[in-house]
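Look at the two complexes coming up: chain A is in both, with chain B in one and chain C in the other.
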Partner chain A sequence: MTAIAIVRLKDLFPLIMLSGIYSLLSSGFFVTMDAVDVAFTEAAVGAGISTLLLLVAITMTGRTEHPVRHKPILALVVVTITGGLLIYGTLDMPIFGSAQAPVHLHVAPRYINDSMQEVGVPNIVTSVLASYRGFDTFGEVVVIFTAGIGVLALLSVVPRPVTVAKINSLNHLLHEQHLILRIVSKTLLPFIMLFALYVQFHGDYGPGGGFQAGVIFAAAIILYTMLFGMITARRVINQSLIQVLAAIGVLLYGSIGVVSLLNGKNFLDYSILAGDPVAGQHLGILLIELGVGITVTSVMIIIFFNFAGRREYLQHLKKNNEGNNDTSC
Partner chain B sequence: MGHYNYWIVIVLMMIGFYIVIAHGNLIKKIIGLGIFQTSVFILYISMANVDGGTAPIFAEGICQYSNPLPHVLILTAIVVGIATTALGLALTLRIKEAYGTIEEEEIQEKDNLDC
Partner chain C sequence: MLAHLPVLQVIVPLLAAPLCLFLTRPRLAWGFALFVSALAFVISCILLQQVMSSGIIIYELGGWEAPWGIEYRIDPLNAFLLLIITAISTVVLLAAHTSIQQEIPRERQTLFYILYLLSLAGMLGIVATGDAFNVFVFLEISSLSAYALIALGKDRRALWAAYQYLIMGTVGATFILIGIGLMYQMTGTLNMDDLSRRLPEVEHTRTVFTAYAFIIVGICLKLALFPLHLWLPNAYAYAPSIVTAFFAATATKVAIYLLIRFTFSVFGLTFSFTALPLRLLFLTLGLVGVFAASTTAIYQKNVKHLFAYSSIAQIGYMIIGFSVSTTTGLMATLLHLFNHALMKGALFLALCGVIYRIGSVQLKHFNGLGYQMPYTMAAVVIGGLSLIGVPLTVGFISKWYLILAVIENGWWPVAVLILLGSLLAVVYIWRIVESAYFKSPLPGRGNIKEAPLSILLPVWLLVIANIYFGIDTRLSVQVTQAAAMSLFGVGP
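Presenting the complex of A and B:
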């Protein structure tokens, strides 16, 4: 399997490619296990965004791994013992695929049997995600938002002001290279974005939802940034606007909860939002999925922009240092 | 052979765990954590599977669905996972800037010299 190759490789570049393939394979596995929503997310996140982020990171850290000096035998022993104990533990687990396993007997029957009457959304995963366990999902969104803030705090640099003339000359220069790539991806971009919106608003009926849509939308913008350069992308996408949007997504989610609270129901109980409870649930799910989508998109864009911006900044520093050395000699 | 899915999960988990503890390169450690993470995802999704079941989306004429709850948990976990991975990478970059290396042992040596 791919994972074993990952252990052996010293060069980080093929390593990252392999980890992308590994993600794609595992998303294929999720499809065979009937978890279409999960497969969708894994394919977009694991094979797309995380591979990209790792690649940007190694451009700054160097791509070879130094050979380990200490003996890995101790680690191997620890790992084998842990694995052995866990395999011993699996012997008590119910047989794979058994419908009588305890997992399927607790809350799942309620979700499967009643969610059509209570929530009225065909995709059970969406109704559990957004309605039954809406509070959990709110927590997850806050975690993503916090990670975005963390990256911002660790890596943010103030972009240097760039003159219009410089941008034009840069654009001219870039037009010469990667012409085919640029034209093809320029044609693809609107479709990627349209697909993201479809995934966003069709999450009630098919696989999809705010998390996947957010990642796909962010991927479209990252593709644009990679092909047209940071400077152009910064002019198209306002950094501070994106930061405000990330917060607005979380606030939208939270405020839906507060609205239902003020109307005398529980936090995030949407049945009050419209006259008919099922319609209220629909509206609530749509709105919070929108909140999730906005936050995920903005956080992914923030993360990528800060990684790429840092890289630019470091190159700038290096160039300045070299310039200083030249004058001193 | 009813448990082979779980055994694959454990093997993947062992590989990930081994990378995390035996390798010094911080980026490689993060990739190892990713493998570890995926093995947990596979464990949950395998538990959600029901023989003869189908994807949990209502359709005419189907009465057996796989369990939607683990799907929800893992769906959000994947996106949170990428967010935390990004945070880890950001920390790695800052370490690289401060120490000039991302190998654990070299970082330790530099720390010892400072003391």
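Presenting the complex of A and C:
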């Protein structure tokens, strides 16, 4: 139902809200399918941060969709064929939940039976993601870093210097608007951040880890920015520092791989990091999760600041143009 | 350290990218990127030499053995691809500083080099890995950076071109991901070697057929096979000139590699060519692609567009070689992969010089350029001759093997059509030669100087490679033969 509503709607604001709900619902599905980690990520990314980013985007593009007159027959044919093929493919799939499915018989038994002795982390998902297939996760972190750099390369504008007097007047103004919202969220912020830290460092015992924690932490900062304005937020969070942090997260992850290389082991073999191989694995996972968390947080903040900064810049241009027009008249 | 070369090949540029962020001066970032790319080139040379002398190299990432962990698996085929990518990237970077300084604002130049390195690392990662999901992860790295690089073009239409590419590329990547997911569901493994052993048990199922169809269509979107090529011409035409040279010579090659890897190594030859009428389909699409794209190229007014369409035609030739699916056919495809990288690298870099001097690549602005920029235009002419397939250039070698493969199979009409296709190339190359040498310059244009040495040098490096490998084919033929043989499961 939500999906149909999303397709039919022309107003972008409820559309974004609905897609957030859609993500929340699908994360509910994931929970019932016992994929708690996936559900957590979907809730944090799909329902949380992407909704926020889309909201910033519509402040720039305007709220309503432009009506377009075209008959997308070709697109309909392609979509039908694709969908038909997908359904055709499901016909021979192993029955859902069947213990005899190939997925449960080949690589999974070792993950389930031996990961505790080999990696020493109770959450199997974490040990697969961070150790057995740690290189994929490294790749994912680089993907996020790439996204951040891409946004910087295309959208970045140099912020104009702001005087102290202006900030004071702005603060004064802020005290009058949305007072309740501000105070409530201000009290919430420390708890959101604390929760993010818990998710970050508890990923090896329960669902969670660097990706989710990074997103939650970034959401806290974005919330602050939305309520108190870009100018105040910029004074709290230094732009060049945040870029350096994004790089440092990737480098932290990579350098752990390099440490194992230098000790004669293969890239990302954490067992060398401590005297006992299992303790080494555990330490390695904690460190790389930290790297993931740092990069994800900073990239999310970079993306948000550049989106919002762009909007500010456009408004500034508009104001200048109007000013010019006035003088010419 | 020699044992770690397979992983160093990828992580050196991958880790260099974030390090680049600390170099705020564009000149430093450029020097660093060039150094890293050259280092990657040296590594790929050693790897190729090792593979040719002692067979497949396997590297277990994280120290976990194959189906549980991820492995890098270097055989003659991907060692050859690694060499092409790193070589082209290094040569193109030589010219980058001069050209980028003019085309991209100063504060974005460092970011440009970061994205360039990421794109390079992504392509190397796709090629080196022996794990199907790892392919997807690195595909994302290379594609995301590619979208951003293309959007950095000076022309505002670059944004729209990058957006189109983003949509098509994402659809392609999603299709590949769906295919990989379905394969995992049926076999419980993501390792390519393991997949090739476990897929035959379940190859009659509809799910595996669907997986195969999704992967093939996804890859064909990425490699701009006619009629899925619509994103390519604008993306090439409006990207910064350096980016065009880099991508035209490497990006579609990586997609062709994936096509060969999935059909030959993962699904296996017998399944690949019986599940779908792939031979006939690819032969037809390849031939139609050659003719349609070459004909469109003739009518282009923008020389970058012209060469972009010509690239689509050249992809058609590679696909024809692939559809023959014999050792010679595959050799023809792989040779053309290498040779086309040399031609298009040289041609687009030469255009980079033209843009540097006259700021445009409209055909009418080429009038009289043969006398004002003699070395650059000579390079364009030699590159064009190579594109046509004139003897003593690399283009001749690939056409020769392609026709050999087609005739071996008894497809005479196809051989004739390939020759006709080359005639179309003569026409569009002639249009450039005509305006450059036989028309007088546009009035009101001042004295135009030859392109700067920093661009001319890499252009001529590639032009000389075009001629050298057209005469001395030992390296390319030996390696492609080994690669083709190993794909058919014979020889080392």
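A few comments on the model shown:
Everything below uses one rule, namely that the second predicted complex is superposed on the first by the 327 of 329 C-alpha atoms of A that agree within 3 Å, B and C clash if a C-alpha of one lies under 4 Å from a C-alpha of the other, contacts with A are read in each partner's own complex, and residues count from 1 in each chain.
One rule holds in what follows: contacts are C-beta pairs under 8 Å (C-beta built on N, C-alpha and C of every residue); 3 or more make two chains touch, one makes a residue touch a chain.
Please read all numbers here as calculations on a predicted model, not as lab measurements.
Once chain A of one complex is fitted onto chain A of the other, the partner contacts of A:90 extend to both chain B and chain C. Shared-chain residue A:150: touches chain B and chain C both.
In the superposed model, A:247 lies in contact with chain C only, and not with chain B.
Put simply, more of the residues of chain A are touched by B, taking chain B and chain C as the two choices. When the two structures are aligned on the shared chain, A:101 is found in touch with chain B and with chain C.
In the superposition on chain A, A:282 makes contact with neither chain B nor chain C.
Of the two partner chains placed by the overlay, only chain C lies in contact with A:265; chain B stays clear of it.
When the two structures are aligned on the shared chain, A:134 is found in touch with chain C, with no touch to chain B.
Residues 86, 90-91, 93, 101, 103-104, 107-108, 111, 133, 136, 140, 143, 147, 150, 154 of chain A contact both chain B in one complex and chain C in the other.
Residues 4, 7, 11, 14-15, 17-19, 21-22, 59-64, 67-70, 107-108, 111-112, 114-115, 118, 121, 125, 131, 133-134, 137-138, 140-141, 144-145, 147-148, 151-152, 178, 182, 184-189, 198, 202, 205-211, 213-214 of chain C are the ones that touch chain A when the two sit in their complex.
Interface residues of chain B, counted against chain A in their complex, comprise 2-7, 10-19, 21-28, 30-32, 34-35, 38, 41-42, 45-51, 53-59, 64-72, 74-87, 89-94, 96-97, 102-103, 105-106. On the chain A side of its complex with chain B, the touching residues are 1, 3-4, 6-7, 12, 15-16, 19, 22-23, 26, 29-30, 33-38, 41-42, 45-46, 49-50, 53-54, 57-58, 60-62, 65-66, 68-70, 72, 75-76, 78-80, 82-83, 86-87, 90-91, 93, 95-99, 101, 103-104, 107-108, 111-112, 116, 122-125, 128-129, 133, 136-137, 140, 143-144, 147-148, 150-151, 154-155, 205-207, 209, 211, 214-215, 296, 299-300, 303, 306-307, 310, 314. Those residues of chain A that touch chain C in the shared complex are 85-86, 88-94, 101-108, 110-111, 131-136, 139-140, 142-143, 145-147, 149-150, 152-154, 156, 158, 243-244, 246-248, 250-251, 254-255, 257-258, 260-261, 265-271.
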